[in-house]
């Protein structure tokens, strides 16, 4: 039995290491690809329908015709999972990633005319959490780079896309401060925006706060936290805030598909609150674990112990 | 004899239709690739050294290690040309394109550590000019989209990179006005910035004007025009201007590698100057043709007549 | 019996075609005039008191002394209606427009000193709805121009005034995309602002959203929709949003005095929702018809059938 | 002999007090009118050709069809002067003002279709300079209001137009500081822009500076000063500057058609330089007087003495 | 018995006129000092705990180590009050001011290393209210300067600090309009921000509104008003607004430690509402008096009568 | 013989350790103090006249009355030098610092009325260069913080003042990257502005570039470099540039009074040019040494060797 995952690529299922696309694909030539990333919990896909729905919003706004209906996309996604989940242990979950480009790129051509079928890729990969595992208990170090998030009039962050050079460069500035730090981009007005691949929350005097989606991906992990907060009767606000609010917050955390909730206990070298993971963060993590039937923290930490 | 071009791809020369990269390449997953595009004139590469120099600036700022020295990159480029120029007729010139990504992408990893060799692609393709040929005599229609260029604090336009989703979406807005129109992006302050793949110039009362590189790629075609203007004693200014200046200019044109200089004779539905290609534009085109020993306009138009 | 409407002009009632003002009036020389536009439904003025109240806010902020109390202005308005309503059929309603300028303009003079009595104009005109009639069922095409709304630090959009050159020029850019399109101005930060003569709403997942008045006239039609939404228990938010929100909305519409609610079923060439007029829009239109005792859609469509 | 000036109005010559336009004209309803103001010196028009040229730029950008060629407009302008100059004494000069609107306004209509002939007005009026006369020797008080100039992405200040409400309101803020003060608008970034009807210059360490036209009308008086400076070998820069530069300048002045050059000797309550009209300002005024064969200062002051 | 107040200064209690710090202190050399100002009511400190809490937020964000715990700071504050309250009459209350600098400044040194103990100053002074007393009944004149508040990306206004040059210069512009005026700074986007030492509120159609803390100190007087409003069931919004909202408000007032609530009855020369102190303002002032057991207005006015 | 320097403080000469000011001084309470810093070379003051001239510009714009004429200020400055230069060895030079505050601060008072004499401080101190000495040969590490320079509409950087909290906090962010790093503030538009106490230059393809003073102090060291460049026939531009320009420059350096020119050989972790101090930088340093008759580098390095 092989553990190589199979990738859905334009109608075929191919082993991951053989999954390749033309160097003339619009994804390569123009970063012209939209994307979704979800994961499984206990081998069940998480909010797959919402991810597919958001994928079709990105496709619509970018005017890419994927050549598949949402139902077909969902069906294919489940087939990719079926093909690959048996390859991982019950303790290990997987990413489920959609990448859809505009197909082959033709130099100088009118982009409104899609000259070839879209490139449709659906792949899975083991959900390796070792990089983040210790942050569940220690918290990570959040840092603001000098570069800023592009404003929505240039490119709306809600279009989940693969033209991410700006995010990569900003994250490199963050690593200059601390190679383990996680970046928090500010927008061009100095408001807190988002992480290169996630959203950001603070807790101040019992109230949960996260920036509006003008500046940030409308993350499904973000909305999961807002739903859990409502269940737990934690008041929540979608509101612009600034670095001062993080410096003086009681708790802070990132949200993203792989780690769900990642506590941040330092910000630009100063402790957030008392420097420990706080009770609201813990309660939300616990509620998420309950929701999906997987102890999120334990899962990550067990990977860590295995790699030691 | 085959006409399939050979592509340099990570140490090998492979036929273009077989040139593929992993779906996990940073170019695909993150648009994390820098690029250059030059062309030949009469089968001689144009300013190859300057393109390689700019490529290494992009590599430096993005902290990608290409694994090759500039001299090696130049040498490889010439080998790619040598391999492919015999496949095209003497009348046809070719693109010479460099694409260098950070190599394989690993989810969530520190981008400052390049975990695998860079992906290095050098390819050629026939310089098909039919889309632009008629614009040399008629001029094109320049249009400003509602979307704006990202500011340099988000991503400096001088890093010639493949995260170009924003440019593609803006160009689609332009095509809503006129499917043949060519876009002129404004920056977020309302100044004229650049085209999705070129620079923009106007001529007003005998003075040539182009925006500073705060808002625009430092195009090699752009600097060629500035050099030619100096030879022709046409005064030139690098200066911010706004749509009003285009509406009231005497002449206007785009510059880019494939077409060199593309006259624009309409702007947002109104004629530029008297609506015909102007004398300064023609003089610059002629000077460029003289410089490279190729009649640029004739070359394009001969392609057009062949395709009719 | 003549059908020529009588205009109140500085104390006199004159036939519309004879209603003229000096070429030296501040309205002509400086666009220095505030205004209101309401209409009748079944020959009854709609929210006249609110319009007069807002008119006096505009007069206050622009420091124009109209020489009349709000009560006198209301009284005169009713007299203008009385003079003209008999001239139209029961099926036809009328505009009721107030235009008040600072009086005669003197070159270079201190504008805080009003050197002559204000010019006070109150006029009516048949409410011709043929341009908009088909949009009630088909919806219109909403388009964003490249030009942007002036920020309130230059001129607050809530001062309802006649210096509207910027709106006219932006609307012309919109017509380049589609001669039937209706413009949606963005503000200089890329947020949705307003139409040249109306407000804009979207419906997303059951929630009605419209921008705050930082960017938009505090329209009385806008507040009527918000009141009707409350009656119909449709949740509503006054919130900044961006083009992405319109692309991905379920419904969208404009509001303004003549048409009340104008559905928008396309946005920059893409369908809004499923491309048909949506249920929330229809419910609000019906509630408005109920409120005023006139079937708004039927009234417009009957005009259309008459003109065919 | 009457002293009433005759106005050219849509083909007719009518006495000024009878020159009226419909209350439904686009000038009245929408501020939709472009304009020029020049003057005579010793009864000869000043740079009429340049004014007509700029007028046609404004007409082009606003897409108003005046129904007259530039040559016809010039010819009519001279006829208006011929009709009225005999009515003033040789010592008195006159304004020559062009106002061109889009014609009758129709509610809700597509502004790209001009539904009626343009309204063309050319009028003269005695050049009364008494308000400014004492400023030639004392200098005026320049003050910055809190309101800001609209950015060119909203309305380019080089379109000389009659939608001037924002300028009027800003000037009123200035008069709160000093009823005799003259306003200097800042742009939305804090740079010095322009006066409501003129341009602004400073002299610092012998160098003349005025803002670029991004923020300001491309005034013909402004370009006259730049030409005179070149003749007098005074170095000049077109450059952004801020209030600090005015506070610390040696000299400052406004330029505009009626007064040509108006020295400013106070700025926000502080003296500019030593608080007296400076040598560069005086030299430029003298050169302008020489250019036009009229002692500009003496002309204004003689009016003042007559009115005492 | 002396009436000289004793100042706590770095461990000692010294008479106010002898309380001096080195000219090399970071407060002097760099404005590098954070601060709090509270007051007593009937000789009892008002919300001292909240002020100390905010002081420690400012200390944290500025990375100044005060060398004292919050409890020690509170204890010292009470000792300063005990030492000085006997020196004032029962009718007179006192300021209680904390000023903490980073200690001695060393040229060019790394500011993250505090090279000497912090300078800790706690002082009191009689609460002289004569400058504001008449405003309780007449209201003050609020004026917007041309200068703008620094954005939070430069310096967050919530860090209560002594680098206040910008506030002083803006207030001077305000005094050009009216020597008795009180300034309202706008932010760089044209929104109402704050006063040089206080917050600003309006009342419109029964709703209390104050800007968010992006633009303004998170004033403890501000939060007191919001608490009192909740008690009085006056609806309140934390929301961005612009000068138009003040011009058209029914009531307006400032809040700050010394005067608590200062009605503003004029704005840029125009009356706010009917130009008299309004009922909501009065109700809030009364509620505050009730809260602290001191008739705030009477206290101020009694001082005024004494000084006449 | 004592080595304690004497400080001029409000008319007296007092030993530095006894030089103190009231805790109620406007410098302490409001950061309301302007300043100058020059130094001696070989015990001769450098450009003292220019520093006094700029000091009086700052005093004018801040409306502080120093109570001394420029000539008196210069005379006092020379007396302070005379009193203290004998206390240092011939090899050691001194700072000469002016600090002028508005005098005693009164709570809530009108700042336009200076209620007490200005506080005038003139002090010297040995020019200790050990912190910078090694940078002359190695170059320093330049880093951009996330915080931004305040725009001139908030506080013009050319007013050399002591409200420097924002600079201190930004420099602390820089030290997070590298405790030895020197900060380069960006302005709020992403352009390079200035260092907390100096200006910044790059050399690109032989051209020297430094930002305009919109964003930066008009440094006297900066203008010295521009003068030296003219002497050495090095072309120079005053022009906005961005981080990309620094990353791709050949050389870079800071200028400030103590160190004159400080080479920067790294920028945000990457080498500038080849990572060594470049020839233009060296030539300018040599020319400055020649100008003042002191080997600047040798002076600093000799201090370093002494402290080892």
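As written, the chains take the letters A, B, C, D, E and F, and residue 1 is the first residue of each chain.
The working rule: a contact is a pair of C-beta atoms (placed from the backbone, for glycine too) under 8 Å apart; a residue touches a chain by one contact, two chains touch by 3 or more.
Computed from a prediction, not measured in an experiment: that's the story for all the values here.
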Chain whose average C-alpha position is farthest from subunit D's own: A
Between subunit C and subunit E, centroid-to-centroid distance (C-alpha), Å: 44
Interchain centroid distance [CA atoms averaged], subunit A/subunit D, Å: 57
Of all residues in subunit B, the ones touching two or more other chains: 61, 63, 146, 148, 151, 153, 159, 186, 188-190, 243
Pairs of chains satisfying the touch condition: A-B, A-C, A-E, A-F, B-C, B-D, B-F, C-D, C-E, D-E, D-F, E-F
List of subunit F residues in touch with subunit B within their complex: 186, 189-191, 239-244, 247-248, 270
Subunit A residues within the subunit B interface of the complex: 7, 9, 16-17, 19-25, 27-33, 61-63, 95, 99, 102, 107-112, 121, 123, 125, 128, 131-132, 146-151, 153-155, 159, 161-169, 171-172, 175, 179, 188, 197, 258
List of subunit D residues in touch with subunit B within their complex: 57, 60-61, 63, 151-153, 156, 158-159, 189, 212, 214
Partner subunit A, residues of subunit F touching it in the complex: 143-146, 148, 173, 176-178, 186, 188, 190, 243, 268-269
